[in-house]
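Pasting the structures here.
In what comes next, subunit A is part of two complexes: it sits with subunit B in the first one and with subunit C in the second one.
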Partner chain A sequence: MDVRSQISMVFHLDKCIGCHTCSIACKNIWTDRKGTEYMWWNNVETKPGTGYPTRWEDQEEYRGGWEVRGGKLRLRANGKAKIITNIFHNPSMPSMDDYYEPWTYEYSELIHAPEGPDQPTARPISMVTGEYIDIEAGPNWDDDLSGSPVYAENDPNLAALTPEQREQLFAIERLVFFYFPRICNHCLNPSCVASCPSGALYKRGEDGIVLLDQTRCRAWRACVSACPYKKTYFNWQTGKSEKCILCFPRLETGQAPACFHSCVGRIRYLGVLLYDASRIEEVATRPDEDLVEAHRSLVLDPFDPEVIAAARANGLHDSTIEAAQQSPVYKFVKVWKIALPPHLEFRTLPMLFYVPPLLPVMSSAETGKVANVSDGLFHVADESRMPIAYLARLLGAGNEGLVRYALRKQLAVRSFRRAATVGDVEKSAAERMLAEAGSSPEEADAIYRLTSLATFDDRFVIPPAHREEAIEMMKDPLQHKQEVGFGLSVAPRRGL
Partner chain B sequence: MLDGLLTSLDGILLGTLPYVVMALCLIGTIHRYRSQAFTYSSLSSQFLENRHHFWGSVPFHYGILTLTAGHLVGFAIPRSVLAWNAVPVRLYVIEVAAFVAGLLTLVGLVNIVVRRLTDSKSRIVTSGIDWAVYLLLLSQTVTGLGTAMFYGWGSSWFASSASPYLWSLVTLQPDVSYVTALPWFVKLHVIGAWLLIGLFPFSRLVHILVVPNPYLWRKWQMVRWYWDRRTIRRAE
Partner chain C sequence: MLRRENRKKRAFLTARCLIVGVAVGSVRAGSIGALFLVTMGFSGRASAQDAAAFFRQNCASCHTIGGGRTTGPDLKGAHERRSRAWLERFILDPPGTIASGDATATKLQREARGVVMPRVAGVTPTVVGQLIDLMRAESALERSQFAGMASAQRPLTRADEALGRALFSGARRLEAGGPPCMSCHTVRGLGALGGGRLGPDLTGTYGKLGGQQALATWLASPPSLTMQPVFKGHPLTPDEALGLVAYLKSAGSRGGAAETSSVNFVLLGLVGSIFSLVLFDFTWRRRFRAVRRPLVTGGKR
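Let's look at the complex of A and B:
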């Protein structure tokens, strides 16, 4: 057992209102520089929808993630030899057109236009070339456009549905969609790291954050196509790739990352998971239908004395183990089993988990009109307007049973709370529902508290990073007294 | 008088210039790596334009790599090359292969230049020094192809002219007489090569030095620890 710690995340999709506050918080801090205008380390997509970059989930085109061939794990982009030969031109790399060309408006025209019969207009100009452009795509271009034949119908996940299900999903007045916020998953088996010819990408040992060493990146671009989630981006100005850093400077000082901190719907949870690093390869080679449970089995019980002893032996600080015991992520993923990893079939073992959405809320439109069906028990989950097959493709690596379990438990918790607060559900019925969903009144209460009443400290359990110890190993802080920090002092600039 | 001037010009361009650019290249590259490691990048523009890029970058790189390797072999083991060329069929093979590589390079370069001129996004990320490099490379490819066409069997006479010339430079006993008799067209090729080496540390050419060879041997995953976990915790 090789116990390591990983900062992990849960996004509760039922609570996401699609306000994009997270995206803006991230953009304002990290990607408002030249060359990064088009990047959204955090973005929020409408599902069904094509996403950002367009159809990122289609690995036939982008060849991201891993595949098992002959019982062995290989990069889908075809292993090391191929990456070297593709170094001059990467055939599966998305171009700026797959994201969008960033633009601004010629605002000065509003003030300086000569007097004339027409109102002056501010025409859009490209932030790359400075020339006038016709805007053809932009951030969240297909926001809220579920049902549209141009966008939503091209969602790769719809392949999991039968033609009838597709037709139902897009029928007028039965349309349904949910929001899908995405950041880097800080995977346990990251394909971006494995694909980097320069070794610039790495996983930080202490907390598992995946980072990109800017001074070692040589713009070979392998990571951009290798990440199946398209969460490494190419900075066309500096000629270096960049990615979500999980706001590590904030984490190291005990603050939640900006997108977590600013989340209006309070959908985001962050905490430590202890996992067994020696089993990563074995788990990543399992067949699709076993993947989610195998992934879950990597996560270790932080209360188990054996695990604690192994963690200590491996150098984990007691404060990290304590944080793992209080981790909200551990509860969602391992105890309650209602949070699932996205597209685990890409086999990068993502450490961001999603609570699947219960759409539409307690109602169905079977007879053509929306009816309250809270008196029924579980048929809502199965007859939901959002087919379980779709959610299973997105969050269960195709395993519908696990998604159904998560939805049923949430429904049961809802009925349980309804019995307690509104009273239009029999208490005995609610308890039976809980029992059938594999839950209990105590657990339902805990789920209710963590999803509805949780404070900052409940949602974000950040272990002390102990960076001061690491720095003292290398430098004497007293020698740098009254200076503004120490470390890299060369500003990034584009090569010649 | 004119002869004297040309002789001294030969001495400067073929005898002195090499040392100047070599020193420049060595010191410049090291200094740039130490003070501006961040700027070591291939500065790929594939992200901005994805289709035309293939027809430029791929033929160019395969072509130029073959040619560079050929020049290096001719420089390092001239006797073996001569022995190989002793059989006419083998000479034809090597000459045709080199010419094809030259054509590949030319096609790639022309595509690169046309792409960077016509695609507005690629033009934005093309600097003055890039244009200088492209111009020199273009001139090198054209003079190289011309030499192969008009002054045949270069793979053989390289061994009796260029190779001893280069060795004389390496051994610090510069002897330009090996190359002064060559046609001006060929001399242009030699001088262009020195200029390219001089431009090396000031251009994106430095990406040649950071080609990722360790990748083939390293483990898939990279983990960086900020300290030796076991020892620091045990010390507590």
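Let's look at the complex of A and C:
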């Protein structure tokens, strides 16, 4: 057992209101520089939809992530042989057009336009070329465009549905969509790291954050094509690739990353997971339908004395183990089993988990008015407006059972709370639902608390970074001990 | 503050430049001294052998001493035919002497069918003196070491011509490892694409240099500024030289100049480019093209 710690995340999709505050927080801090205009380390997509970059989930086109060939994991796009033969022209490289061309407006037109019969307008200008452009796409171009023939209908996940289900999904008055915020998943088996010919990408040992060394990056851009989530970006100004750094300077000082901190719907949770690194390859080569459970089995119980001993033997600080015990992510993923990783079939083992959305109200327009279909306020998971097959394709690597389990447990918790606060649901019926969903009143209460009442400290359990220990490797903190204190640490500049 | 900083930096840079300049200057003075010493050494004890070596390398390709006329005149008894002053002046700067309208020099040029003796690198007044001494000494001998190559007179055969063609085109390597002629020269009848364009077309060379002996000796140690350094360490064997002579003779007998092959060349290039583009397109047929644009312009995919 090779126990390591990973800062992991849970996004509760049922709570996301699609306000893009996270994206803006991230943009303002990290990607407001020249060359990074088109990057959104954090972006929010509408599902069903094509996302950003367009149809990123379609690995037939983009060829990101891993595939199992001959029982072994291989990079889909650029294994060692392919990277050498294609080093001057990467055949799987998306162009900026597949993201969007960033733009600003010529605001001076509003003030300085000559007098004329029409209202002056601010014309859009490309932030890359400086020329006037016609805006054709944006990072959230398909926002709320559920049912649109161009965007929603081209969602690659719809392949999991029957033609009948697809038709229903886009029928007037039955349209459905939910939001899907995305950041770098800081995967356990990152294909971007594996693909880099310069060795510029690395997974930080102490907390598993995947970083890109700007001094070692040689602009091969193999990471851009290799990441199946398209979360590494090429800075066209500096000629280096960049990616989400999970705001590690904030984490190291005990603050939540900016997108987590600013989240209006409080959908984001962050905490440490302990995992068994020795089993990564074995887990990543499992067949699709076993992947989610195998991935979950990688996460170790931080209360198990054996795990604690192995963690200590591996040099993990007691404070990290303590943080793992209080981790909200551990509860969502391992204890309650209601958070699932996105597109695990790409086999990078993402460490960002999503609680699938309920989208409860089932309605139809049969009588000319919009009316509820199911009897009660809450429906049966299988009659969800968003077909379970779709969610399973997105979050369960095709395994519907796991998604159904997560949805049913959430429904049961809602009924249970409804019985407690409003009283229009029989308490015994609610408890029966809980039992059927494999839960208990105690667990339902805990889920309710962490979902609805959680404070900052409940949502973000950040382990101390122990930078003081890291600094000891480079500097002796006691170097000046017992010195008299005269003199200057920086010598003054005198004379000419 | 910033400006003062800059001024300081500039002063520092100037100082550094000065130091570097002085250093470079002193190195150059040193090398001049060394050159001087070398020259002194050359004029010393070993001068007779050095002069012979110099003659073999630079003069023997056009001149013999007692071997008869090749490209240039036979130098046996030249010191008697001309004054020492005239010889010194001519050897130091042949084109200059001809240009000055000197009657003897003009006559010599006519005799050489217009071939002008080039200014030879490394010829100094000291060297000229030694060369004239060498000429006098060798003329006195019954058979000079510079009487010309014995093999250069034998009749050329078909086999020589075939060998010459193989050597010229590089189909057969030169024994001493020199580069094949074709890498720089072309000649009439060489093939569809011709040879190199760096050096001159060699079709008329046989006639221009004045026949078998002259060309063979020329080839044995090419004196021209570009060819000398290339073949200095890789001289042709007598058989190779004769082979090339035979080949150039037959090429010259066909007359005219080498065929211009630029059309063939461009056409071949065009065909090659199209072929490689098709090959690339096929090899990378599954490459990423675009996702968003076809989605928007074509509606459904």
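Convention: the second predicted complex is superposed on the first by the 448 of 496 C-alpha atoms of A that agree within 3 Å, B and C clash if a C-alpha of one lies under 4 Å from a C-alpha of the other, contacts with A are read in each partner's own complex, and residues count from 1 in each chain.
In the analysis below, a contact is a pair of C-beta atoms (placed from the backbone, for glycine too) under 8 Å apart; a residue touches a chain by one contact, two chains touch by 3 or more.
What you are looking at is a predicted structure, and each value in this text was computed from that prediction instead of being measured.
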{"item": "Subunit A as common anchor, with subunit B and subunit C clashing or fitting", "value": "clash"}
{"item": "Between subunit B and subunit C, more extensive residue contact with subunit A", "value": "B"}
{"item": "Partner chain(s) touched by A:Q6 [first = subunit B, second = subunit C, both, neither]", "value": "neither"}
{"item": "Partner chain in contact with A:T320 - subunit B first, subunit C second, else both or neither", "value": "neither"}
{"item": "Which of subunit B and subunit C A:S415 touches, first, second, both or neither", "value": "neither"}
{"item": "Which of subunit B and subunit C A:P53 touches, first, second, both or neither", "value": "second"}
{"item": "Partner chain(s) touched by A:M93 [first = subunit B, second = subunit C, both, neither]", "value": "both"}
{"item": "First, second, both or neither for A:T232, with subunit B first and subunit C second", "value": "neither"}
{"item": "Partner chain(s) touched by A:N154 [first = subunit B, second = subunit C, both, neither]", "value": "second"}
{"item": "Touching partner for A:T451 - first (subunit B), second (subunit C), both, neither", "value": "neither"}
{"item": "Offending stretch of subunit C which, after superposing on A, collides with subunit B (from 23-31, 167-175, 257-265 or 293-301)", "value": "167-175"}
{"item": "Intersection of subunit A interface sets (partners subunit B, subunit C)", "value": "89, 91, 93-95, 97, 496"}
{"item": "Touching residues on subunit B, where the partner in the complex is subunit A", "value": "35-50, 53-54, 57-58, 60-62, 120-121, 123-125, 127, 129, 202-204, 206-207, 210, 212, 214-216, 218, 220-227, 229-230, 232-233"}
{"item": "Subunit B-facing residues of subunit A, complex", "value": "80-81, 83-84, 87-91, 93-97, 101, 128-131, 189-190, 193-194, 196-199, 201-206, 214-215, 217-221, 224, 234, 236-240, 312-317, 467, 469-470, 473, 490, 492-496"}
{"item": "Residues of subunit A defined as touching subunit C within the complex", "value": "50, 53-55, 58, 61-63, 89, 91-95, 97-98, 100, 136-137, 149-150, 153-154, 225, 496"}
{"item": "Residues on subunit C engaged by subunit A in the complex (per definition of touch)", "value": "4, 8, 284, 286-288, 290-293, 295-296, 299-301"}
